[in-house]
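Below is one structure, written out as structure tokens; the observations come after it.
A, B, C, D, E, F, G and H label the chains in the order they appear, each numbered from 1.
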Amino acid sequence: MESTTSIIPPEGMQLVYERPKALVDVHTHYCPGCTHGVAHRLLAEAIDELGVREKTILVAPVGCSVFAYAYFNTDGCEAAHGRAPAMATGIKRIDPSRVVVTYQGDGDLAAIGTAEIIHAAARGECITTLFINNAIYGMTGGQMAPTTLLGQKTKSSPMGRDAKIAGLPIRMSEVLATLPGSAYIVRRSLHDVNNIRKAKKAIVTALKAQINGLGFSMVELLSSCPTNWGIPADKALEWVEENMVPYYPLGDYKVIEAVKSL
Amino acid sequence: MAKEMLKGNNAIAEAAVRAGLEAYFGYPITPQTELLEYLSKRLVELNRVFLQAESEVAAINMVYGAACAGARVMTSSSSPGISLMQEGLSYIAGSELPVVIVDIMRGGPGLGNILPSQGDYFQVTRSAGHGDFHPIVLAPSSVQEAIDFTILAFELAEKYRHMVLLAADGQIGQMMEPAELPPMRPLMEKRPDWALTGAGDRPPNIISSIFLVAEEMENYNKMIQNKLKVIRANEQRWDEIYTEDIDLLVVGYGTAGRIALTAVEEAREEGMKVGLLRPQTLYPFPDDRISELADYVDSVLVVEMNAGQMLDDVRLAVGGQVPVSFFGRMGGVVPMPDEIYNAIKEAYTKTTAHKAA
Amino acid sequence: MIESFLFSGFGGQGVMFAGQLLAYAGMDTGLETTWIPSYGPEMRGGTAHCFVVLSDKPIGSPLVRNPKTALVFNNPSFEKYDPLIKTGGLLIVNSSMIVQSSNRTDITTLNIPATSLADELGSLRVANLIMLGAMLAANHIIRPEDLKQALADHIPAHHTDMLGMNYAAVDLGMEHAVQVLAR
Amino acid sequence: MAKGTIIIDQDCCKGCGLCPTVCPQHVITMEENLLNEKGYHPAVLVDPDGQCTGCAVCAVICPDVCITVFREVPAQRRSKTAA
Amino acid sequence: MAKEMLKGNNAIAEAAVRAGLEAYFGYPITPQTELLEYLSKRLVELNRVFLQAESEVAAINMVYGAACAGARVMTSSSSPGISLMQEGLSYIAGSELPVVIVDIMRGGPGLGNILPSQGDYFQVTRSAGHGDFHPIVLAPSSVQEAIDFTILAFELAEKYRHMVLLAADGQIGQMMEPAELPPMRPLMEKRPDWALTGAGDRPPNIISSIFLVAEEMENYNKMIQNKLKVIRANEQRWDEIYTEDIDLLVVGYGTAGRIALTAVEEAREEGMKVGLLRPQTLYPFPDDRISELADYVDSVLVVEMNAGQMLDDVRLAVGGQVPVSFFGRMGGVVPMPDEIYNAIKEAYTKTTAHKAA
Amino acid sequence: MESTTSIIPPEGMQLVYERPKALVDVHTHYCPGCTHGVAHRLLAEAIDELGVREKTILVAPVGCSVFAYAYFNTDGCEAAHGRAPAMATGIKRIDPSRVVVTYQGDGDLAAIGTAEIIHAAARGECITTLFINNAIYGMTGGQMAPTTLLGQKTKSSPMGRDAKIAGLPIRMSEVLATLPGSAYIVRRSLHDVNNIRKAKKAIVTALKAQINGLGFSMVELLSSCPTNWGIPADKALEWVEENMVPYYPLGDYKVIEAVKSL
Amino acid sequence: MIESFLFSGFGGQGVMFAGQLLAYAGMDTGLETTWIPSYGPEMRGGTAHCFVVLSDKPIGSPLVRNPKTALVFNNPSFEKYDPLIKTGGLLIVNSSMIVQSSNRTDITTLNIPATSLADELGSLRVANLIMLGAMLAANHIIRPEDLKQALADHIPAHHTDMLGMNYAAVDLGMEHAVQVLAR
Amino acid sequence: MAKGTIIIDQDCCKGCGLCPTVCPQHVITMEENLLNEKGYHPAVLVDPDGQCTGCAVCAVICPDVCITVFREVPAQRRSKTAA
């Protein structure tokens, strides 16, 4: 499935945007309009920008992004569901000069992998986590995630998430920001162009925090899952803005001084 | 090197260090904790990697990560902790990584107790979690063997790119005995080709246990099964004593095996024609030799510190040729030589009765 | 030849170390040796015990149901092990702590007021060595000088200044036992 | 306004319809009459009047990195990344 | 009730509801997820307890709690999730609680894939985590059996105060077939005496799997072993067809068993004297019947969707009387009837050759 | 080991303090001076005071307090290491009218059981947790806990906890307070009489919060482990005050309005 | 008698539902019936397919390597399954979506422009029923009225207003197939 | 000052030494000459002058619930719990 993007600019023109080098030139398996693709691209751009592709190791999660490792021109591996931070810890401790990135969904990071992400952060593990919060278990076909909004209908909360049964959605950036080992914890959103640009900047900062050995860094990305939300891609982005952003306020939850002065 | 009085857990830890252990991730649990404690000092002093994980689940996944990075890596635990590692073990099995796991078995099921047991035999020999896989399983019966098998574990792991499990019971972990440590070996000089070290100029390395297409998964499994065939052909290890011209063969491993030796010797003093085979590898099980011996004994007695697990393997090896009887103690009870002696006597009497008839 | 020893007392009475000393001395004497602690239910605040086996042949079981020799440091240990000692065996009782005495006639019993003697020597901590010394007087498998060598080799670094007192404790235990045995 | 153009990789496109919604010049539409090899109606640039500014906003939103963007060579600065 | 077209996962869920399921705790995983999804609606509507846990580890421990409280409770998962439950299962085993676990097995090891497999045979039959224990294991081969065995699972669990595992492969979970559901049974009226309901005026009830004293732990184990003996004596279940006057016996369970039936019928049409025994309980394994049949067949062929796990049990049951051969596909590959037919033909030819000789 | 406390008051006197009814009249296995005993007593007193012994179910952890269930005149059970909140959830969901209490150490709750406690809190599970923070793994003989202080020597941090290896100690009350389902999260200490009295009050409030269905409640109790700290019981209490209290500030981390008005 | 059917196309083309309808009708006709989805690697955004087996005897394998009848809705499905159909079998091709045509001479091929026909009927969503209808014209194991009954029984509640169009689609598919077969 | 007294259950006491450190009247001491059945030197009330006020502070600190506390019957209120 090699794509065949031509990069010879038309007469009198110059290239202003092309596929980042850190991204393998294949089509992803993601559904149309799924922001996993955007998140991938941003990470790849950040890697290119910092020139760290050669020393980056990507830890993919179990979730829709299970094949993430196949989309990057970097070394990569596949963690057990929720355990990416532990696996990344193992890798990073062996060679702290590598750039180790985990890419995790909300089921992966905020449910089964809660202990691992919290302790990676608490230890100040110098890894970077991209946390794709799409308020649902995408890969398994749309069950409730810990981040599913109140009243949101999913395959396992068919009458809408009920606080009496399932409690309220968990805000992981806020939780991780309380941990002393975290250096940079921010929430961004992928629902429009402006926010995507901000997300990119945050990813660059997070990687820089890692490269400078400042501690654990995470960028939470509010994301869409048009397939399991059962709405078109553009409506899904609106849904992110209208429903997720109010409950998951965008912003910087922890930026230690050393990161600020990067 | 001279013999020193060494505690099993510490001996395994130091042997691992001398085998070139580069990283350890673990979680405290009795009766293996000294192993972790020892390494918390030793590895840090050597500037190698020691990390107490937040759980056994995290520990095994850190091991998974470090193994992906190409390091010589180990974890250790005891029965409940090994249960928690099953998923991680299966991922490691699905990724063909050479790691060493130490299980200092204790009484179960459940929280059970912290006394010596061999109740994990099935869990360690039959699989590593879900899926078709067998780790290589080494079962030391003394502190010296614990040392030797630790070294061997790393060698086999790397030779076959395969998981190796050192399965000892709490008694081996807790006792002190004179034993000799090998000299210090150097650390690995170069990461293996497949390791995740950053892609640099080469094509990216990927380590994954996902094979969505059934045929690919099957091919991986076939490769593993073929490797296991080679391992079964080459790596069966056991110790035997008094196995010439015997009527009764006793089979026992680890602590049960060494205690059985005392009982066998007593029985021989009484004129019984009894010998002992002590499997040192539980996987691959020394089928071939047992099957051979089954040709000329009248019966086999299996001794374990469980309800009869290796028993299945012995029965499979014996293949119905002669009766196989069993003596076991469970739940942390360590059998005394006299109990095993009695079991031998009983089995032997039946054997002789059958001869008389 | 196979000799089995039990050491049993409260945590803090030094029974583990006493057992290990015997094991070190055994190893240095060229014997097969095992030492194994009890790390079972009694762990917390209760009784601690360990077994030592010395033999000229490989040792099967480091655990022993009926030890030949038992050194008991407190009442619960006495109650548990007095009946278990092998016929012909040896029981060393810390009589400062244990009021009862053994009714068995098929074993040798030595009542040693180890805690009081230790107190006299200047440190309650050496009661374990007094007991060990007493044992050496009745069971000659280990020579006192080998035990002392083991002591010198294995005393914790921060206690080396105590080595002299430790030697004295071994000797005192032996002497006292010799007297008792002479009675 | 700068002049620009884009190339949309037809077989890469999953027809999600996001790029048309963000293009400030409204020069992208979904090609309902075409099915690409993956079975999607791809996005196409329909820009007869050359209104595309090469702003790259479409590339920023595209989850499948199907869009390459070009702009008239300006006097000043260059930027190679989208976001 | 009339037959309906039912998907295996949904059928199990509804059967559990009708068996009086009071509480379900689980975590999504393909190919079992529909079961959880179905119950997320059905149980809530019935005002019973449904909770999606944060992980399989949490799920099994919630099940543990609910079982302690005396409820009829269940969880379900697929291979990697079952691996994660091993510690919890061992605690439940150590506490003699009647719980039902559904494992819709998929290809492994590791993340593997989501296709049908029988790779968990060892994991489910040999133990529940560490320690000596065997759950009762039921292996349905159709949607109807999935329903019937779900009902049976609760009955056996409560009859013996024992863990029951329903081990089906992804195909059983995913396929639709006409099947009949039983009528709705009432919920349990009264909590068992041992349940944790608050001590009220009675002496406190305690549920624990800790037995620090080895002998107590051993006694618990003996009790379990005795119970297992009774279970082995009373609960061996299997289905057999064409087993009169045969030369070759085929043994297969679940999906492999039902596909083998097609192959066996084909072989019979060709005049081969072949019969099929399909174990319905994997533990207790139908040893007795297989051993009986081994007396008059010339050989046995085992068919599985793994590398050969039940194979051990068949070999143990056959006890060396006749050769046992194996045909298996791994990693999510489901064998086709013609492949099994070929394996039958090959085994049969050898069998006949031996007769000719 | 029945103890034989006489409760016939001497002439002219009245009983002002006796063993709480909810406590079984046996001696515990705890080391001398270990504050686990104090925590037990306070819980028993609170149970007595609220008159809920008959409907209380205690979930004991794996840790030194593994036998906690044996010391209370209530129904009880033994959870797997770290899983008490999950087990308690199972119990509570079956009969919400019961009072379900988990009793957990810092290894149990803050290490292996991180995910379970966080999600019990996030779900607003109506259970009460007593969290015994003694900065060490007591039962296994004194290894580092996630709450072990920086520089503190333990059997698995023999040179003192090093932030570079093990990160900084985790403050669980602060973490749990960020979760929407938690109703009452406070930290108290058992290092002196005054603080013990305050701890008792907090336990009563926590149980009341549960009884009134207000959500998850937890009382963290700074505790001592003289044995593994290697100091006498009284010095251990001083150590709590001088070293733990500064890092783990006492106070109320979350008290929802409904709890305040109890 | 054993009949096996494959339905394969893009997700969203209704192949799963078409297969289920056939299965419902099969069950109501009194046949042994299995339906099984592919839930494998193609899950996300790719091709979906399912198998239906109808038989008068218990069905061993619901999966079929060489189906007798295949209904293919898109190019990848055509490429994958055309070579696999059993000799003497039947291939129904949605020729609106599939440009290629089968070179096999040992099977019957029906090219049905299902998507275009559906468009004409007023909804692209009924292409699956047109394909099913076409199949019924060539394989008589299920009667059209039974299929329609299954449709009536199982159409999702929010689509009951579409029932008429659905019936029409089945009929249109049959008619078209009859014409094609007549050629 | 109220008059009070305590009973320390000798065999319950683990000799931790905490109660003497908190007693405001300094009327508890550790009995170094006695070993109880568990092998500990227990705490004892040494209060020849009847200085114990029955304040129950000792009972509050005791981890092993060994101490029962009594106080002279006063006119007013009663409290039965320690903390």
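Brief remarks on what is shown
In this section, a contact is a pair of C-beta atoms (placed from the backbone, for glycine too) under 8 Å apart; a residue touches a chain by one contact, two chains touch by 3 or more.
Note that this is a predicted model, so its numbers are computed, not measured.
Traced through touching neighbours, the fewest hops from subunit C to subunit H number 1.
Across E-F and B-C, it is E-F that has more C-beta pairs touching.
Subunit D and subunit G have Cα centroids separated by 38 Å.
Centroids built from CA atoms put subunit E at 55 Å from subunit C. Mean C-alpha positions place subunit C and subunit G at a centre distance of 86 Å.
Centre-to-centre, using mean CA coordinates, subunit A is 39 Å away from subunit E.
The set of subunit E residues touching two or more other chains comprises 30, 51, 54-55, 57, 80, 87, 91, 95, 110-111, 113-115, 208-210, 212-214, 332, 334.
Contact of a single residue of subunit F with at least two other chains is seen at positions 30-32, 66, 78, 80, 111-112, 114-115, 119, 146, 166.
Annotation for subunit D: residues 14, 38 touch two or more other chains. Contact residues of subunit E toward subunit G in the complex are 3, 5, 30-31, 113-115, 170-171, 174-178, 258-263, 265, 332, 334, 336-338.
Contact residues on subunit F toward subunit E in their complex (touch as defined above): 53-57, 59-60, 66-67, 69-70, 72-80, 83, 86-95, 98-99, 115-116, 119.
Only residues 20, 23-24, 27, 32-37, 39-41, 57-65 of subunit C touch subunit B when the two sit together in their complex. Within the complex formed with subunit F, the subunit H residues making contact are 4-5, 7, 9, 11-12, 14-18, 21-22, 38, 40, 54, 56-57, 59-73, 78-83. Taken in their complex, subunit A has these residues touching subunit D: 3-7, 9-10, 12-20, 23, 27-28, 30-38, 40-42, 45, 48-49, 192-193, 196-197, 199-201, 226, 232-234, 237.
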